[in-house]
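Read the structure below first, then the notes.
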């Protein structure tokens, strides 16, 4: 069952074209990785799907509906949530308030504040402090929790491992399994290739705004991947 | 004793100035918008009250029930239809558009209503006073205005810190982009912010109109009072704005005691001094 | 490898410069073929154009949106009136002194008001102007609330007969707008002009390149103030009567000027000219309708800011790739 389908997705920053005819598919409950060098268009892709960047209506199809032209807040209502690059927690809000804000659109579902605290107990301990006082790893957990509060069917994760220590990254990825166990689909954008490939069933490699390569993760040839990654 | 009375009058006057300032503060805090037409909107509220009073003969204080909803809707439409369009264009559009709106409101009022000054009468409450002992008397009306300001701020604090809408306001003020990614409709939220700001602008307009005369050109000086209260108190804190208003009111009262023509000038001087000596205000809660 | 040269003028700009020169000469002869009313109108257009170019320099190029330039208009007026009446200074000398006096006020003012940013800066400048107006209205030697007049004795120092006076005052207005335009133009052509464009585009970036943003902005602010003071002095030399309300009127000296620049095209040199012509045209057209022309101006300014920020001239320039004043640098072979 295809959940997300992009067709010929083109995106622009003003006059500058950042994405060229990107076709990506994500099935229900699937975990897909998007890898690529800096500036390859990975974050741009996520932002286009999330509605933060406008594109043609027919370029993004979610659950059978054409959502490309919708704005970000409408897309959240439909069931796509984003864990933004760099966490982007709200400094004026406490940890708990950040999480509650994630549930602003009121989508019903299994994820409640209590369940998020179950997944990330440290957040409950530190619920009343300003969110930006948390450590990097804890902030990442809070950002994930915040996105979960909207009960998404598709979770977009932008650079979860950015600036985090390996042991923390491992911890966070371990918890991703509880999220996907429910049937939530995941798109993981990562610079840490091995981590991303380990966690996903399929991957797309972006290069200068285009999909250079896509395949199943299991048993994939490293050399072909390197060529695609660097555009050789 | 005389000086104590002056201080108290000035402090209570500060309540009115704080009421002027709340709308300005809200718009800036949530949308980084300095509404040059703010003073004119206060005066417009006074005219709406005037029309309501003339049409029904009601007490101006009762007209609040009419003026507030009218200005609430006006604020929502103004923001959603016009001001939202200026927010992404840099410094000039919001400033010049609100400047243009200010001139339009002033001149429309002049053309449609005329240059006569008006004042609303609320009856004996305007001159009643309360004797607090020790030779200090406070006017009931100034006390009412001050209480309104304090209650308004308390109410807003509740809104901001205890409700989902308040959370959304604070989040949008921090990072509008990410708030939108979390499901907050920015355009609607900004419009709500302006609409709520207008509630207090409307209150300020009606209460001002009972206290003093007004005419179409009365807007700019109110903008300046609001602005001075905000700067003296320090950006980012509503209670600070109340205190800023009180400092302004006291400075003006002291000036007026020396000579009536010195009242407004004394306020300006206090403002300029604070700007020179402590530019971030007396009680800033800096968070850019 | 072909050689590149940095050139500033284009064929259009040279043509326009010629046109301007001829036009100026033609206007200078107006006293011989026009009436006193025509001269007054052209004078008014001249001093408004000067004010508009100065405001445009501040807001459109330096990014300093001031809603308080009327402070310097009033200061200029009061300098003229005070020096001539109290110290028997020749009116034209007193007029010239309006510039340094306005600059002297602008300097400390800038230090206070530069602490504010953006729209707060704008309101801050307004507060300064209001403060000056109130202060002046309390000072008796300056005529307090009722103001001052230029006595016939003072005015006769310019020229003993009326026609002579009208001619001289008229020519001064032309000279003034030419002087102010030249100053603005030369500033923008200089490295300060480049610095301003850099600052306007990105202050942090220009700072990192070594542009002293504070000093550049301060210099522009003070120079603009001096010129505005000079123009202000002239305005009241022509009006012969000055009061705090008239001298520091935000409606007369700021609202109208801002509308001219915004509608004409902020941030361009041609804009103020276009805006000034539109303003006077509208004012004439709607003369019988009270303040509706102001409302119309307001609506137009709002529409321009929302839909076509570059103003009427900007639209024309973009359509025809026209630049009549050559301040930009381009490469030619």
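Think of it as A, B and C in the order they're written, each chain with its own count starting at 1.
As a working rule, a residue touches a chain if its C-beta (ideal position, glycine included) is under 8 Å from a C-beta of that chain, and two chains touch if they have at least 3 such contacts.
Keep in mind that this is a model prediction, so the values were computed, not measured.
Visitor: If we define chain centres by averaging CA atoms, which chain lands farthest from chain B? Would you check?
Guide: Farthest chain from chain B, going by C-alpha centroids: A.
Visitor: Count the C-beta pairs in contact for every pair of chains, then give the pair with the highest total.
Guide: B-C
Visitor: List the centre-to-centre spacing of chain A and chain C in whole Å, with centres computed as mean CA coordinates.
Guide: Inter-chain centre distance comes to 54 Å.
Visitor: Could you give the separation in Å between the centres of chain A and chain B, each centre being the mean of its C-alpha atoms?
Guide: Centres of chain A and chain B (C-alpha means) sit 43 Å apart.
Visitor: Could you tell me the distance, in whole angstrom, between the mean C-alpha positions of chain B and chain C?
Guide: Centre separation, chain B to chain C: 33 Å.
Visitor: What residues of chain A sit close enough to touch chain B in their complex?
Guide: Touch list, chain A to chain B: 50, 52, 71-73, 76-77, 82, 84, 88, 90-93, 97-98, 100-102, 104-105, 146-147, 150.
Visitor: Taking the complex as given, what residues does chain C use to touch chain B?
Guide: 59, 63, 65, 67, 111-113, 115-116, 118-120, 122-124, 126-128, 130-131, 134-135, 137-138, 250, 255, 258-259, 262, 266, 290-292, 294-295, 297-299, 301-302, 305-306, 309
Visitor: Within their complex, state which residues of chain B touch chain C.
Guide: Those residues of chain B that touch chain C are 34, 36, 82, 85-86, 89, 91-97, 99-101, 103-104, 107-108, 110-111, 220-221, 223-224, 227-228, 231, 261-262, 264-265, 268-269, 271-272, 275-276, 279.
Visitor: Touching residues of chain B toward chain A in the complex: what are they?
Guide: Those in contact with chain A are residues 164, 167-168, 170-171, 173-175, 177-186, 287.
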